[in-house]
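The structure that follows is given in the form of C-alpha cells.
Think of it as A, B, C and D in the order they're written, each chain with its own count starting at 1.
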C-alpha cells in the first residue's frame, strides 16, 4: 500500500469517526470537537502562509476576529447563518487583501512585526469601538440562527449537535480545498518562493503578488474559522483579536508539524487534547504546553506530523518517505 | 546578427565604490559571450543591473530595442531575459522534477492555478521531463534536489534558467566550486543548449581555457568599466588586457 | 488643558515612558547583538517584580537589596535561557527563536502562579519614595520622579558602557559582524551570554522598581511585551537610542491619549508602529545599532 | 509460589476495593435519585482580581462542608468544582459548558465581571441550569435579561450596581460643598453603568452638580497615573472610582502619591470595602493617609449587620481560612444556603421547579434577610456604605461611619427605565 493510499484510508477513517461522533459522545466532547475543527481551519490557513510560503504572521487573530465580529453582527440582525458565514469570510478576506498588500512588502522579522501591528490595530478597534463591537464586553446573546439564506430559514440549528455538522462540513471542505491548493501549480510556486524568492522571480513570477495571494487565502481561512465561532459561543469578545490568539494556530501548527500538510489539523487536535487533559489534573496547563513547545522547537522542528510522516514512510515504500517538505 | 541587448552608460555606486561606472554594451543575438575581469571588476553588479536585481543610478537598458531599465524582474523574464546565480540557487526541498516544473509553468503562465493537480499539467510535466533527460538528471526525477551532488545541482540550476526558454541568459560562474571534470560537463551542456535552443548565453567565468574555448566574443571588465571587447584572438592579443588581467593568468 | 496641565500630563507620560524604556532597552540590546527577539522579555520583567516583592515585601529586606536580588535572580534565569536553550537555535530560521521564547512566556506565567499563587502582590511603598512635591502647580509623586531619574541614569550608563568601555566595544564589534569579531579574538559566545544577562537584568530592574506602586501578577509580562515590541520597532530593531526615543513617544503619547483622545490612543500607537515599519523599516533611528 | 501468593493478595485487595465502590452509593440515601448534587463555581482567580475568585471558592467550600455535615440536601451530599474564568466572557461560557455538559453540574455560582455575566446569561437557557450570580453587578443582567428577555435561569444573590451608584448619590447629595464630580472608571459595562446611574440619581437631588471629567481604564491597567492626573486637571471636589480589587489598590496607591487626597473632599471607591482592597491599603489607612476622605461600598460587611448569623459566619470563616470573609465569599455561601432551601421546598433538582420554589422566598443569611424579587430574580437586602477607617478590633481597615439605607430606597424597581451602558 502506498503512502498516499494509506493517507487516504486514514483520512476516510477520521472523517467517518467525526461524522459518527455525536452518536457516541456527549455534548462536551462535541463542543470540544467543534473547537478543534475551528482551530484546524484557522491553522491550515496560517500554515499556508508559514509552512508553505515562509511568512510567520502574528496578526492572524485580527482576521479571525473580523470573521467572528462581522458574522456576529449579522446574526444579531438577520437570522441566517449562511449570510453570517459568507459575510464574515468576505470581510476577513477583504481586510487580509488590504493589509496583506502592505505586509508582503517585508519578509522575516519585519513581516512578523508588521502583521503583529495590524492584528493589534484590529484588536484595539474591537476594544474601543463600543457602539459597534460592544467594547470590552463584546457582543453577547448571539443566536444560533437557522442555516438557510434570509427569507428561506432552512434547517434549525438550535441543538449543538446540529451545528456540529455544519462546522464539520465546512471544516472538511476547507481541508479538501487546501489539500488541492498546496498540490497545485500555485502551491508549488509558493513553496518555491519560500525556498528561494530570487530564483522564482527569475522564472518570471511576480513574487509579491503570490505572497499576497497566500496572505489573503490565509486571511479567508482565519475569517472562516472566526465566523464559525459566534454561533458556537453565543458571544464574541476582544480577546479573540489579541495577539495571544494569533499564537494558537502557531502553537497548533508547531505541535502538529510545520513541514507536513496534516500538521495544523493534527496540531489543533493535540492542542486541545493536551489542554483539556492537563486541565483535569492541574490548573497549570500552560507550563506543560510551554515545555512541549520548547522541546519541539529544540528537538523536533518537524513536529509530531513529521514523526508520523517518517513512520508512514517506514510502513510503506522508502520512496514515499519524504515527510519533510510539504508536498 | 540582430541586436538583442543594448546597455547605455549604465552606472551603480555603493557609497564611494563605483561598482559599475558607465558601461556601454551591445549583444547581438546568438553570439556566445564571455564576461571576464578580476574580482570586483563589477561583473555580477552589471548582471544585477541588467536583469533587474538592482536599480541603476544612471544609464538605460534595452532588450530587442525596447527599454527595460525600470521593469521589475518578472517582466524582464517574460520578455526573455533571465540568469543563473553564482551562489547555488535552487529549490532544495522540492524534487528535481518540480525544480524544473516551476519555471516551465511560469513560462506557460500556469503558476497561478490553485485547483488543478500538478499531475494534470501534462504539457508542463512532459517538457520538464524532456529537459531532465537533456540535463542527464532523469534518474533523480523524484529525489529532493538537496540530495543531488554539487555538480548535478549546478546542472539543475542551469536547467532552471533555460527552462524559461530565455532569449538571453546570464550565467554567473556556472561552474563555481566544481572539479575540472564536472566543470567540463557543465560547459559541454552550455555548448549543447546554446546550439539546441534559441538562447544567447553570457557567461561569467574565471577559467580562461574554458572562456577561450567556449566563447565567440569576450568582454573584459575592470574597475566597473569595459576595458576591451572582441573575439578571443583579439582579446588574447590586447595589450592592456594582458597586463591588467590576463598577464598573471598566463603566467599562472 | 492649560499649558501647566499639559506639562504635568507630559511629565506623567515621561514616568510611564521610563518603565517602557527599562523594558525595551534590554530587548533592544539582545536583538542588536544576538539577533533574537525575546518574546519572554516581558515575563522577565514580571519575574523581577515577584523577586523584589518577595525579598522586600515578605522578608522585609531593604528595598535596594531586594532590587539587587531580583536583578541577580533574573540575570541567572536569563543566563540559563541563553546558554541552555537559545544558543542551540543560532543559525536556524529566526521564526524558531521567536517560538522558543514564546514557550518561555507560557512556562514563566504558570511558574510564578505555582510559586506565588494567582493573586496579585503589592508591597508597601518605601518611605523614602513616598509623597509628592509641587510641579506645575500640582503635587507630583516622588516615586515617578525617581523612576524618571533611574531611567535617565540607565540610559547614560548604557551609553558609557557601549561607547567607553572595552567590553562595550567588543559587544559592538560582535553586533556589527559576528564572524569578524570572532576572527579578531572576541569570545562571541561569552558576549552573547553577557548581553542576554544584561538585557534580562534591565527588564528585572523595571519590574522590581514597579512593584510598590503597580501590582505584580501573572500575565503582566505578556501584557507589556507588545509595548516593548512597538518601541523597539519604532526606534529601529536593535537601536538603543531609538528605543529610548521610542519609549518617550509611546509613554507620553499614551499619557496624553488617556487625557485627550482615549478612544484612539491604543489604535494610534499601532498605526505609528505600522507606518514606521512601512516607511522606515530600519526605524526612526535606523542604520547603525 | 511467591508470585501466586502475591496474585492472591492483589485479587483480594481488588475485591475489597470493588466492594467499597459498589457499597458507596448505597451508603448515602439521597432522596433525589442522584449520587450527589454537583455545585459548579466560577470566579476570577488569576491576575489583579484573583482574590475574588479565591473568596468565592472559600465561601462555597465552607457552605458545602457545613451542609454536608448536616446530612446534605435531602440526604444528597454536595460536591464542588471550581473554575477560573479569568474575567474573560469566552472563558466563562466555555467553563459553564464544561461544568454542565461534561462534569454534570446541577447548579452554578459565582462570576465577578459584568461582561462575563452578560455573556453567560443567554447560554444558561440552552444549558437549562440556574446560575446564582454572586458578584457581577451590572443592572442589565437582571433588568434586561430576566425582567425583559425572561431568562429564568439567572438569579442574583449580590447587590447590583445600584449600591455603588445610588447610595453614593444619596449620601453626598447632602454635602452642598461637593459640586464637581469626576470618575476614574473601569473601561467596561460596570464602569459605565455605575457612572451613568450615579449622575442620573444625583442630578435629581442636586441640579447644581457638575460632572467635570472621566478617564477610563481597561482591565490589566498597570499605571493609573495618567488617568488620575487627567481628571485632577479639572479640579474635581470628589472622585467616583470603579476599578476594583488589585486595580483599586494600585489606583489608590497612585492617587495617594499624586497628592489627590490633599485636593479632593471625597474619594468614592466602589467595592473598596472588599477585604483584598482593605488589606492592600491597610498601612496607609492606619497612618490616616486618606485623611478620612475615602468612602467605599461592599456587597456585604463582616462588621454589619450585628446579627448572630453574621457573627457566627465571620467567626467560622476565620477559623476555616484564617482570613476575614470578603462579600463574594458571603454571597456565594448564602447562594448555596438559598439553593438548599429551594431544593428542599421543590423536592427536586429540576430547574423549573427550583425557580418556582425561589419565588417569594425570604431567607435569613449572614448579610441579613434576603428577599427574592420575582420580576427580575434579584435578591433584595440592605448593605450600608461607609468610610474606610482603622478599627483596632480588626487586623485590617473596616467600613465605619456606616450610612444605612433600606434596600428599597436604593434599589431600582420594575418596570425599569433603561440606563445607558456607554461612556
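Criterion: contacts are C-beta pairs under 8 Å (C-beta built on N, C-alpha and C of every residue); 3 or more make two chains touch, one makes a residue touch a chain.
Since this is a predicted model, take the numbers as computed values, not measurements.
Peer 1: Assuming chain A simply isn't there, give the groups of remaining chains that still touch in a chain of contacts.
Peer 2: Minus chain A, contact groups: B | C, D.
Peer 1: Give the chain pair, either A-C or A-D, that is connected by more C-beta contacts.
Peer 2: A-C
Peer 1: Which chain, with its centre taken as the mean C-alpha position, is closest to the global C-alpha centre?
Peer 2: Per-chain C-alpha centroids ranked by distance to the global centroid put A first.
Peer 1: Specify the chain most distant from chain C by Cα centroid.
Peer 2: Farthest by centroid: B.
Peer 1: Between chain B and chain C, what's the gap in Å when you average each chain's C-alpha atoms?
Peer 2: Using C-alpha averages as centres, the distance is 50 Å.
Peer 1: Where the CA atoms of chain A average out and where those of chain D average out, how many Å apart are those spots?
Peer 2: 38
Peer 1: Once you find the CA centre of chain A and the CA centre of chain C, what distance in Å lies between them?
Peer 2: Centre separation, chain A to chain C: 33 Å.
Peer 1: Please compute the C-alpha centroid of chain B, do the same for chain D, then give the distance between them in whole Å.
Peer 2: About 75 Å separates the centre of chain B from that of chain D.
Peer 1: Quick one: which residues in chain D touch 2 or more of the other chains?
Peer 2: Residues 84 of chain D each touch two or more of the other chains.
Peer 1: Which positions in chain C are in touch with at least two other chains?
Peer 2: In chain C, 113 touch at least two other chains.
Peer 1: For chain B, jot down the residues that touch at least 2 other chains.
Peer 2: none
Peer 1: What's the complete list of touching chain pairs for this entry?
Peer 2: Chain pairs that touch: A-B, A-C, A-D, C-D.
Peer 1: So in the complex, the part of chain A that touches chain D is made up of which residues?
Peer 2: Residues of chain A touching chain D: 26-29, 31, 127, 130-131, 135-138, 140-142, 160, 233-235, 237, 239-240, 283.
Peer 1: Touching residues of chain C toward chain A in the complex: what are they?
Peer 2: Interface residues on chain C, with respect to chain A: 37, 85, 88-89, 92, 94-96, 98-100, 102-111, 113-114, 222, 226, 229-230, 233, 237, 263-264, 266-267, 270-271, 273-274, 277-278, 281.
Peer 1: Can you check the complex and tell me which residues of chain A touch chain C?
Peer 2: Of all residues in chain A, those touching chain C are 50, 56, 102, 105-106, 108-110, 112-114, 116-118, 120-121, 124-125, 127-129, 243-244, 247, 250, 254, 283-287, 289-294, 297-298, 301.
Peer 1: Show me the residue ranges of chain B that touch chain A in the complex, using the header's touch definition.
Peer 2: For this pair, the touching residues of chain B are 51, 53, 72-74, 77-78, 82-83, 85, 89-94, 98, 101-103, 105-107, 110-118, 121, 124, 142, 144, 160-161, 163-164.
Peer 1: Can you check the complex and tell me which residues of chain A touch chain B?
Peer 2: 180-181, 183-189, 191-192, 195-196, 198-207, 210, 213, 319, 322, 324-325
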